[in-house]
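The structure's right below; bear with me while I get my questions together.
Chain naming follows the written order as A, B, C and D, and within any one chain the residues start at number 1.
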Amino acid sequence: MDPVVTCLADFEALARGALPPATYAHIAGGSADGQTVDANTAALKQFRIVSRILVDCRDGSTRVSLMGEAFAHPMLLAPLSYQRLVHPEGEIATAQAADALDTGMIVSTLASQPLEAVAGVLPRNKWFQLYLQARWDDTISLVRRAESAGYTALVVTVDAPVTGMRNQAERAGFRQPADVVAVNLPATRDVGQIALEPGQSRVFQGAMLHAPTWEAIRRLLGETDLPIVLKGVLSAADARAARDLGVSGLVVSNHGGRALAPSPTAVEVLPEIRQAVGEDFPLLADGGVRRGSDVFVYLALGADAVLIGRPQLYALAVNGALGVARMLRLVRDELELTMALAGCPSVSDIGIDRLRHREVEPSS
Amino acid sequence: MDPVVTCLADFEALARGALPPATYAHIAGGSADGQTVDANTAALKQFRIVSRILVDCRDGSTRVSLMGEAFAHPMLLAPLSYQRLVHPEGEIATAQAADALDTGMIVSTLASQPLEAVAGVLPRNKWFQLYLQARWDDTISLVRRAESAGYTALVVTVDAPVTGMRNQAERAGFRQPADVVAVNLPATRDVGQIALEPGQSRVFQGAMLHAPTWEAIRRLLGETDLPIVLKGVLSAADARAARDLGVSGLVVSNHGGRALAPSPTAVEVLPEIRQAVGEDFPLLADGGVRRGSDVFVYLALGADAVLIGRPQLYALAVNGALGVARMLRLVRDELELTMALAGCPSVSDIGIDRLRHREVEPSS
Amino acid sequence: MDPVVTCLADFEALARGALPPATYAHIAGGSADGQTVDANTAALKQFRIVSRILVDCRDGSTRVSLMGEAFAHPMLLAPLSYQRLVHPEGEIATAQAADALDTGMIVSTLASQPLEAVAGVLPRNKWFQLYLQARWDDTISLVRRAESAGYTALVVTVDAPVTGMRNQAERAGFRQPADVVAVNLPATRDVGQIALEPGQSRVFQGAMLHAPTWEAIRRLLGETDLPIVLKGVLSAADARAARDLGVSGLVVSNHGGRALAPSPTAVEVLPEIRQAVGEDFPLLADGGVRRGSDVFVYLALGADAVLIGRPQLYALAVNGALGVARMLRLVRDELELTMALAGCPSVSDIGIDRLRHREVEPSS
Amino acid sequence: MDPVVTCLADFEALARGALPPATYAHIAGGSADGQTVDANTAALKQFRIVSRILVDCRDGSTRVSLMGEAFAHPMLLAPLSYQRLVHPEGEIATAQAADALDTGMIVSTLASQPLEAVAGVLPRNKWFQLYLQARWDDTISLVRRAESAGYTALVVTVDAPVTGMRNQAERAGFRQPADVVAVNLPATRDVGQIALEPGQSRVFQGAMLHAPTWEAIRRLLGETDLPIVLKGVLSAADARAARDLGVSGLVVSNHGGRALAPSPTAVEVLPEIRQAVGEDFPLLADGGVRRGSDVFVYLALGADAVLIGRPQLYALAVNGALGVARMLRLVRDELELTMALAGCPSVSDIGIDRLRHREVEPSS
């Protein structure tokens, strides 16, 4: 591969050149003007990592355990939909890279490859992301298939009951290609146009009609033995409520800046959510991870692991499974270097005392 | 219409291309170097909206009540003068859009169409903006005409006793066209050049001679049964004084950055003004609204509704009544999406607890 | 004059085009990289002016009294050296403008016109800026000439015992023209090269040998009945010491960013200096005044009047005495408009309660 | 030399033009995207220097004492490796300049000239920077040679147990030239590829195998009578531990932004480290020094002296020994001017009370 790839940002630059502009805008963009995408990146940059010197790191490793499951690294591939948009093999190629680099993967309900086929590539550390469907039977059907295929957790997305304004993609003229579809959903799932009465809202009385509620989560908990993780939590009160309801873990996330905008970042709310749910409750987080040092910051703020989103697609676009593998290798090596330079031989050494707020803005 | 219009900012870009540069500078610019115009925008960007998940929004709506009058949405068109500057139909076209989108409109004393004609297009939610005139009789004449035309409130502007330095418009060489005039004022209203003695000031002993005072407001309250709203309040003490005098509501506003510069923004002072006047006193606010999320922020800070200013003229310039209608549709849809994604089915759910200060500056 | 001049910044742009680049760099630049020049401007921009509405301003004026002397406006022309650099008439032209606009002027020791000739143009409000000379007799000679010429105060500069690094002017290759000289100083004042011993410093044992000290100020106070103002004070302790020694007033100033860099700005330290010297002690301030609103901010922070520096030279370069007069007219009109819009009919109404810190950085 | 050199930044610009781009990127760059390099510069810019007026400075000097050794100026040349990269004479030329300007120099273990030859040029104020070697005997051999050559202190680098990601140099394609080598190390020092078992990390079980530990420092203290200084300390706890172990001094440093990134800056942590080790413990600091005023800021924050890094190489590249000498002269003159303008005739007058945080961000 081109030696110009020295870090994840290089994949993004190459993907920008390789993809059709509208596809790139769809992937890179966020809600409204993208301010929450930028906020995710900016939030991470406010921290500096405090090193301790002369620490013996010879027994070091990045291993973590999440809900009883062992992971070689505190990183999982985030559930990105429709990966065939950028590479013909789509999620299959991504899964091959995850397996090769011993990294967990969360497969999307909106995958463009059959969830069973993706699972077949992944011997371990595979979770399934679940969008609740308008018809409960469709939801349950997905749950059963995920159980059968050997997924070890369900990640229910709760921060996107309606699709945000994606003005960047819209301006670029993005249209989903006809041959990239949600192959895991019934072709007939469209519940049709809802007839609104005068004075009713397309949003409240239309799109939100089948949006998930706490009641739906409670019902789902009764339907499966798989641990359920809620993805898209940003308030401490919701985090506590979810834990009390019996949910097994949370992903603190603003959906990569693609749902509500402007939204707080996971970085900003993570400490208070960790405080709310207690030390041992599994918390993942995402948004803006482009460096091993970003992973370090999330861990120090209270996350047990992070999700890596867009870089998957950039690396997949550039070089398929090999690209994703190299992307994962880069971020893992960076994390290890960061830990070694910081004097943290294990993930449990990474606490909030290792962070320091940047005192000054960078001079522009 | 061109599909490139995905949000209000797109109208501004199109209007910039479509209008003569001097006209655009006159509309877009503000006092001095425009810093208060920019401040209005920047102030809104400091907030992030805190979402709550899994909320049932099926009964949601954006309805509000202002001084006993029902509004479908918490937005009114701000009183912008001389709308024929950008479109031959001027305020008539704007009013048609307001009616079509069920949105309130405040018609300016300096309208370029007869106040009665504009009122004729608007079956409901029409208010009249009043500049106190040098001659009291002229003021009363306007009040009587507004009453007869069915306007339901008088909005008295109090933050522009003199015109600010409009250096941006001045540099661009803006001149008011001869055929765009304040048709609702007597042609002879010019009170002539005031003869100053040596050492006297053109400002204090000249322009401010007929500036409105508290006494004039008191007198006006005795002249009409219409509710009176003061527009341009930025201090808590003035807000309380206005309420105690019998004024029915306030618009917290810096006149779109076109009066005093540098001035605080409505966003910055709104919480303390809400605190000063109490929970139930009608407060509107304006400045920089370009997104449904901006409306949400103003409501969370204590406003009951917001005014939308310049986007009216941009949309009117681009596509007349249809442009203004689309502009209103966009901001309303965005507000509903924002409320849905935030988990706020009604305006009363939008409180200060839904906002979070941005902790970091965006990286530039 | 060109109608493009709408404010003081326009003069700067025109002067930049009209002057040789090295001369412009010499005037516009500051010490080191000019960061203190920029800081002066930035410090003013952090404030917003709080307006009060519906105030009766018909008796308004900008009059102030400084050390018993009446001034029509709270502004004086700062003592800028060598004004013939930009216009053949130099300080004479500037003084004509000061007289025409009823504005005070401080004439520099390093004026390029005879101090008596400049005084002759100025019937009132003329002060003399004094650099203490290496030979005491030379200092006293200047004092006596200033007394004879009718100057009403001596402004002793204390913040420039050595010249700062003027890298911007140096890079631009600025050289003082042979025909622009300090006509008020003896031609033989050069005290020659000081012979340094090994290990001695060109700065400490060289340039600082004749730098002014507290003892010199005490001695000067005994030599004249003119009120003495120290210019270049930035610490509260020094301000108090100066007052206690018998000095009549202070100019809080960082020498327009041309002496120590990086230096605090007058804006930042003014409140604590006002606090240190008490309510009635005469305080002037300067740095970055380009708008009437800047004058307002200085007054609100505790200054009794401000000095206007570089804009003199820009206006003088562009249009001689008429340029300076127009510059003064602009800033005075802006101050009056600002006061009127803020609801402050007199300078004594301008208190710290009229300022509000900007809460957010401008979006860039 | 070109008169365009007015300050250290001018050397950098010239070096950028003179060096191969990859070499420049290697020198100027830092870890990751260089954010810590930028942070070092930005951290210094947050301070303003508070002047006191009318101070008698005729006995002024910049002299300091470090661990009993007298220095004419509170500055040393930082230990930069492989100086023959930019000039054929490398460290010899640098040492000639240090001697000429009476400035201390720290010679790197990775010097491209024999440590004895460099020492021969330096009659005084020469320290040796020590990287602990994989084989203890190699370390001791360096110590003995340094002792014999007359170095007066050992500076042990502790913040770079592994090399950081140098993405900027990597992207530029930098490769060390074959003829620029670490002539002071045994040619056979490569300890070979370490064979890793599956699941082991290239970082923890590879590169960190021979990283220095507290135990190694303790052992080193027993091997030499030279004072030992640890370079790369950023935490107060480590600083105290080092002092308690018997170390003679510390360099507070983030390795010029070339090790851990993002890292705090020396500027940010210096006050708390000074607090931790007490008033009299020798503390040096580095990062971003480009001006005499930067030296002043470090001294005010608690450093006894500073190291000057990259400017050495820029000046060396531009004009060899004469370039470095001029660079040192510039920064020394600036420091003296800064002290004179601030009213600090000696280094001991420079305390934390002379600094003021910048209250506002510069307008960009």
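Criterion: a contact is a pair of C-beta atoms (placed from the backbone, for glycine too) under 8 Å apart; a residue touches a chain by one contact, two chains touch by 3 or more.
Keep in mind that what you see is a predicted model, and the values were worked out from it rather than measured.
Counted as hops between touching chains, the shortest connection from subunit A to subunit C is 2. Of all residue numbers used at the contact between subunit B and subunit C, under half are used by both chains, marking a mostly different-residue interface.
Overlaying the C-alpha trace of subunit A on that of subunit D calls for a turn of 90°, given as a multiple of 5.
Centre-to-centre, using mean CA coordinates, subunit C is 41 Å away from subunit D. One simple way to say how far apart two chains are is to compare their mean CA positions; for subunit B and subunit D this gives 59 Å.
Subunit C has residues 45, 361-362, 364 in contact with two or more other chains. Shown are all chain pairs that touch, namely A-B, A-D, B-C, C-D. By the touch rule above, subunit C contacts subunit B in their complex via residues 3-4, 6-7, 9-10, 45, 47-62, 72, 291, 293, 333-334, 336-342, 345, 356, 358-364. Across the complex, subunit B meets subunit C through its residues 32-33, 35-36, 38-39, 41-43, 45-46, 158-162, 164-165, 167, 170-171, 173, 199, 201-205, 207-209, 211-214, 216-217, 230, 232-235, 237-238, 259-265, 268, 361-362, 364.
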